[in-house]
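In the two complexes that follow, subunit A is the common piece, with subunit B as its partner first and subunit C second.
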Partner chain A sequence: MATLTASTQKTAPPGFLTHPAVRKLLALAIAAAILVPLAVTQWGGATWPSALTVDVSEPLGRASDWIIDNRDSHPLFLYFFGHVSNVVVLAVRAVYLALLAVGWAGVTAIGALVAWRVAGVRLALGTAVAFLACGLLGMWVPTMQTLALMVVAVLASVVVGALLGLAAGLSDRMDRVLRPVLDTMQVLPAFAYLLPVVLVFGIGVPAAVLATVVYAAPPMARLTSLGLRGADKEVLEAVESLGTTARQRLLTARVPLARKELLLGVNQTIMMALSMAVIASVIGAGGLGDRVYQALASVDVGAALAAGIPIVLLAVVLDRVTGAAGEQHDGEPGRSPLTWLYALGAAAAVAVAGRLAGFLDWPDGWEVNIAEPVNRAVDWMTAHLYSGVPVVGGTADWAAHFTSWVLNPLRDGLQWLPWWSVLLAVAALAWLIGTWRTALTAVLAMAAIGVLGVWTPSLDTLSQVLAAVAVTLVIGFATGIAAARSDRFERLLRPVLDVFQTMPQFVYLIPVVALFGVGRAPAVAAAVVYALPAVVRITTQGLRQVDPAALESARSLGATSGQQLRQVQLPLARPALLLAVNQGVVLVLAVVIIGGLVGGGALGYQVVFGLAQGDLASGLVAGAAIVCLGLMLDRVTQPTARRTRKGA
Partner chain B sequence: MSTATSASTPPGTDEGTAPVFAVDGLWKVFGPKADRVPADPELAALSPAELRSRTGCTAAVADVSFDVRKGEVFVVMGLSGSGKSTLVRCLTRLIEPTAGSIAIDGEDVRAMDKSRLRELRRHRAAMVFQHFGLLPHRTVLDNVAYGLEVQGVGRAERRERAAAIVAKVGLEGLEQRRPGQLSGGQRQRVGLARALAVDPEVLLFDEPFSALDPLIRRDMQEEVVRLHREEGRTMVFITHDLQEALKLGDRIALMRDGRVVQLGTPEEIVGSPADDYVREFVRDVPREQVLTVRTAMRPASSADEAGTGPAIRPGATVSEAIEAVARAGSPARVMSDGRCLGVVDAESLLSVVAGTAAAATAADGADAAAGSRAAGAAPVPPRAAPAERREPPTPPPATSEEPA
Partner chain C sequence: MRVRTTAAVASAAALTLLTGCGAADMTKQASPFANARGAKTVTLSVQSWVGAQANVAVAQYLLEHELGYRVDTVQVDEVPAWDALSQGRVDAILEDWGHPEQEQRYVEDKGTIAAGGDLGVTGHIGWFVPTYFAKKHPDVTDWKNLDKYADLLRTAESGGKGQLLDGSPSYVTNDKALVKNLDLDYQVVFAGSEAAQITQIKQFAKEEKPFLSYWYTPQWLFEKVPMTEVKLPPYKEGCDADPEKVDCAYPVTPLQKYLNADFAKKGGRAADLLKRFKWTTEDQNQVSLMIAEQKMRPEEAAKKWVDSHESVWKAWLS
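Let's look at the complex of A and B:
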């Protein structure tokens, strides 16, 4: 955006023409001058011309009907999908029963001991407290259901991801094929994965597990490949110079050297899997996510919170423990297998003792019902804070104002714009920030949305995304700059960001519903809260990584701190800021789509509606539109260099 | 393998044996259709810039020929980008050469299949790297034993052998550390030990000490000199540091833009640079520490002069002679086997230091520098024992100054 305004100010013809941004715009203007009149005379009007849409819902509906009709008879299902489905169900069931058999005392003990061996005493205590809290909240069984599903999904994701990563890490051709696919998969909202899986497997645990695997395997594959490729070239050369075979090189050098990336991959896969396992409650995952989903459906904030807290605890514990495993230094002496043996023995002893003492199911008397007090508090808030608070207004008032002053004009404006001008704007932005390739992909993705016949709801979603991104960037950049300039502020901020970045998307819906009710504004608010930590963190890092020598020389010339920020730090941190924009857009989109569950409408609602009504065809069309929208938004904001996932 | 050449038998005295490495017309060209460059005499003669603009290729190593003799320290020296690191990697085909031939003990390296090449890398040539190339997840001992592990040597035996080598390079007590806990000099000792552990016929060094502090670098250089003196192992040493090259090298190949511009003993390089590039290169070298008294020698003018004065050996450096002459206050005699070869006086020694005797060896050095191919085949004097190995072919006395 900055280049756009800057370039229009330059008017001196020669210099003006040589500016790359101006040249790009000029080329685009010429193309537009030829194509637009043609398009307008052929297909006028603001919305996407119906002549250019292709009705895919009918063939999709037929395909879905065919699958449903043949699920029990066609050999493809009988001999492949059927087996996959059975194996998944059996595995989840087995893990679930094993967890219940070990009992709550045993599970807590095992969790704490593993955390202790891997990450130290503090995290072990934290793990124990987290498990006990899950029990106290009356969520032991759902927690174990979610955990069982997670165990199976994470194992499958890690295996699939590691194999793909190995292939991509060792073969350049595989890498060229896989990389764009994995990159694209990472920017797509979780919701987009649900429907294709449901189409094949129907609603249920297998679909939930497979959707989770598809969503969670890409980071493992990417990081495995990255680790294998990022190994110190000279070490590999030294290893080769000693006459190793290819297999020796892989096992003794490449894999151990990639240890850090591999463990980071496991960490990210676990976090993504948790996030998806919760969302997959929409397609029958059960467990904690399902409790949240049911509670949100009836706007029962208390019950949602009771299930949401275990999710957050689980997320934080899993992230910290697996993260700590990855941070162990190479220099540390390896932990002997003997201590592991002791730890396992102790855990087994606790489990057996718990079993003998009858501590298998969480005792009912120990449960604390927080749903009612929370709901009372929410009711009080509804009565006192929603509206009519003197001077500041109320939260519901804010939401209403935001909807009527920002979201509505934005949506109506976008929908009022002629369709070709939207395409043109997309092309211009994408080309200015990226290359003609990204611009072309973005325009094609946007056009595909029109062709699918979901132009209007997509623009509705887009308006929410734009509003949320604007708010996120304003708050995020301001906070990021403040954190970069004040060490104390950053120290205060860091633990908050750490926790916020580990929470699954779904959880963010609970507090916003409590505060703002349902509608589009809460969806936007959840998206802002979800995307903020990443934006703040990238901004802070970008500003802090500015070359200290450049900053020092500016200081030595007598620049004020404001001048340093404007003239040195911000320009030099431009790549980081663009990355923050890109990440912000991708993350916001993910939550805006999920916002369909709390009245966000548009594409997300169509997916949920399609699932609820068994109308997979229209849901699939909306899912495809989400994919296109995600692609478009990512490419429009994509600087030339690629980025890493949230939390990088 | 005859690597256990004991310290007592001077290496290189057995002139009949084949060179350890015989490199002939070696090319490594990076870029599209690299094969055509060495094959086409017209392209092969182009300068790097022309080659790049005509073909898009870069010749990292261009028509290089040399022999590495048994027991010598052969130094390849050049600035960064001169192709020296590529050259040493071509020797064991860590980088696949484009054209030319490489033979190790008469066996064609380029014709080797995969398993034979692995055999070469496992047993015959081991390399020490600039940034050490150690495995960070292994202890010092396991890093040193890694080469043996690759060969399939049993755990107990390889640990035992590795421990002995670790002691040899002065790392006792650090066996269980990880590379991350060592200093740069210690890490390179591990790298050196790893290469030594497989008892190779040739040690290849790729700028092993350029990442180290000056003092530690000197320590390590002395370590290499000591190892060479004790074991007499053949070494190919890559460096961009002229001092290091002069200190370690029995012979030096000076590279520029992928070609060898001069190949000779340190004294030949310093005393009779082949061209302006080499001359510029060696300009700041303290000549009196490299050149021997033969450069400054004149025939004894009288029997009296040939009979008195301090005696020095022909291999002594000019700076040693200066000290002797200054102490005695009279010209010194250059004695070999009780025979007086000539005398050096203060004036002749001074002219060497001042560089006015530079042209003295120019004619002699010319054939050594005529081209890398010629240089490889140039006759070289029989080698002396390492202790006094800096013995150049006797240069004719200097009289005229070279025209500018």
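Let's look at the complex of A and C:
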């Protein structure tokens, strides 16, 4: 705020009306003064007027019935979807059989050698240990299933993403069409992608792979386009002056110059694909995610953990190795192909040796059963920490208090508010932080929720998101400030944040069920834990990037460190803080939705219900509402700065 | 532009080549993980309740150790499992609680699913209160008196009304319609999963608190927390035909098995075993208790039961 007042003082005439925020609010107030009385006389009441809803569940239900009845006869399915589905099944099966044929010793050796060539000895060791740990936990076969699915999904995503990115990078018109779509896809919760593919392909691996591709391709497309557009103009001109054709320029200059972005895109795609491949277990992806899902359904925390650890290990290893690939090639020239040859030869030798020695299946005797001790620990915890702990109360008591003192009032408050006032609040917030465009999108998205007839459950979800965001921001800003002020604390924090940021959303559900039982409170808790790392990181970076000269001058004026923080650092880091809020909101929504699996209710529950009952109509409506809610939350918190920076 | 069209044509051609020209049958969609490396694989749908896990554990143990199959289990909810079964992604469902609509569509109309006979267990769904509560207030076991106790059964999640605890959203349930049509002062609260519901019930029982819950027999939890059924208006044939207007109790259901039609014909000894698989409520409860209460791994529990009941399962193999 300090910067804002400063700027008005500079442009000066004391006119209070020239202040941009006031002007915006005033315009909005005038619009409201005209529209609200109209709306109220026409459709009173607090919830969205039923006259303005459109019942889409019936046509959707008919569509779903039609698909099931015609799946084995209609040419669209016979000649198109059927083939797509078969190709996916064949590809996944081929990779899976290849992995099994190489055997566990071979897979571990190949993984380690690739990691060694790309990223050095430490990561190679880490990779080997990670694979062995998967085997030790008795999860070798599920890990290979997930890996097979991932390989196919990632390849498809990278190809699709790179093609889209190429189109957007080379053609301005394509870019204008694609960018808003990709921007929007980026903020949507993974869960919303599941239903449409299930509608067409039914439960199973093809649906899971396709949902993963849709979810994981956008970052690749964005980064490819960014890399192509960001290429150094002078280099391009130099290449052009050599009389090259457009295709030569693309292949010899623009693509190599964009290598860093391309590799970052691959890295992002892999992480998103892993996260989705796990969530897709809800629609029959099999593998590790299915084990977690099965274990969660029986609140078997130990078994869930045994399947969750390999997921985390896979995520960390894949992230580090692909990340290292992006950094390493940046400066030095590529290493000699000969060492690669040696590495591959060694891997092949190990694989053959493993095969001959009969080391194909993970030996039964080598499994460590961690489920039992973990479950004993959880039982002890629920028995002793769950409730009735003197003074502090148990975790279940906290959850109950949080539900009845924070979540319930918030939900009831939101649902008590008349619908037009909610729209008005959304418009005001979005316009104050962003532009009239973002405000319009936000209001339209919110109105669409009403039209779909899921106003009440959407506000329930919204209340959970708001509560979780509030908690996340308080903890996140506090931690971020602490990390920005103390180098040692930041060093301690960094590896923790790294690990937390690479974990798939699904994994967070396990510990919260153990601690908080079932309901909305555990969903909120999982969301907070998931969103915290990003918020902490952005806050720390923002505070650290504050101009040192400004800090120095404040210090020379004798400001205490608290004053420096409040009056210099925080105001100057405002864009970063807003970005942190935006990211926090988007991440929280993603997990609050998945919270439907642990009793979070509202929209997430409706999606789960739709999937569970095969009632795709209600699930799809809820999915659409989630999309609108995500859009609204993103636009409301989207600072203008982000726009301009991205456009540059 | 030209490059892109060439690429599109090329990829389309590749797709056609890969798949062979002609129609692809969406009704035959085996799991890509099935039959790996020449092993004969059976894929069983395992539902989330422990009784179903017990069925699958025993069937899996026998298929693997007596007949040499590899068994994959997939967790699919009840209704999607029917669809997966018809597409061949799953070979068998061992315990179905009655889905007339799906039965009509897949068994009668499309013929992609074959009935697999009785499981031998009879199921019944109902509303239950803990016996310690019913002893103190005997009249709670009639639905007409439930409103009197709504205050006692209030929780943070149920708001101002009494709480009727339901389990997984995927289970067969008419509870929302029942509460509405019987005009009860109750709110249906879904725990999200059966395990969560059991955890909740056990917490209530530990503190001897009253609760009202959707529950079903046979269920091993009755051994741990004795419960008494609340009488709902009696079930009459067809009174639950319209899901919106249900106002009667749940029926008594002989639980059924269903097999994929192709698997039933060509599944060899595995299909024969699954068709003959039939045991009693006590048998199922015994295995369920081992899995859920003694926290044994399903395969260990199955082994223990198989070792001591040779005469029962020998009949399934012949």
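Rule of thumb we're sticking to: the second predicted complex is superposed on the first by the 621 of 648 C-alpha atoms of A that agree within 3 Å, B and C clash if a C-alpha of one lies under 4 Å from a C-alpha of the other, contacts with A are read in each partner's own complex, and residues count from 1 in each chain.
Throughout what follows, a residue touches a chain if its C-beta (ideal position, glycine included) is under 8 Å from a C-beta of that chain, and two chains touch if they have at least 3 such contacts.
What you are looking at is a predicted structure, and each value in this text was computed from that prediction instead of being measured.
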Combined model on subunit A: subunit C and subunit B, fit or clash: fit
Partner chain(s) touched by A:300 [first = subunit B, second = subunit C, both, neither]: second
Subunit B versus subunit C as contact partner of A:408, first or second or both or neither: second
A:248 touches, of subunit B and subunit C: first, second, both or neither? first
Subunit B versus subunit C as contact partner of A:237, first or second or both or neither: first
Greater subunit A contact set [subunit C / subunit B]: C
Touched partner set for A:181, first subunit B, second subunit C, both or neither: neither
Superposed arrangement, angle subtended at the Cα centre of subunit A by subunit B and subunit C, nearest 10 degrees: 160
Partner chain in contact with A:257 - subunit B first, subunit C second, else both or neither: first
Subunit B versus subunit C as contact partner of A:121, first or second or both or neither: neither
Lowest C-alpha to C-alpha distance for subunit C against subunit B (Å): 18
Residues of subunit A at both interfaces, subunit B in one complex, subunit C in the other: none
List of subunit A residues in touch with subunit B within their complex: 232, 234-235, 237-245, 248, 252-253, 256-257, 259, 329-331, 333
Of all residues in subunit A, those that touch subunit C in their complex: 68-69, 71-72, 77-79, 81-87, 89-90, 92-93, 96-97, 100-101, 145, 148, 163, 167, 198, 202-206, 247, 284, 286, 290, 293-294, 296-300, 372, 375, 382, 386-387, 396, 400, 403-404, 408, 513, 517-520, 596-601, 605, 608-609, 611-615
Of all residues in subunit C, those that touch subunit A in their complex: 3-4, 7, 15-16, 18-19, 23-27, 29-33, 36-37, 46, 48, 50, 53, 72, 74-80, 82-84, 87, 89, 105, 110, 156-157, 159, 168-170, 190-196, 198-200, 203, 292, 295
Subunit A-touching residues of subunit B, taken from the complex the two chains share: 89, 92, 94, 117-123, 126-127, 129-137, 146-147, 149-151, 176, 178, 180-181, 191, 194, 198, 204
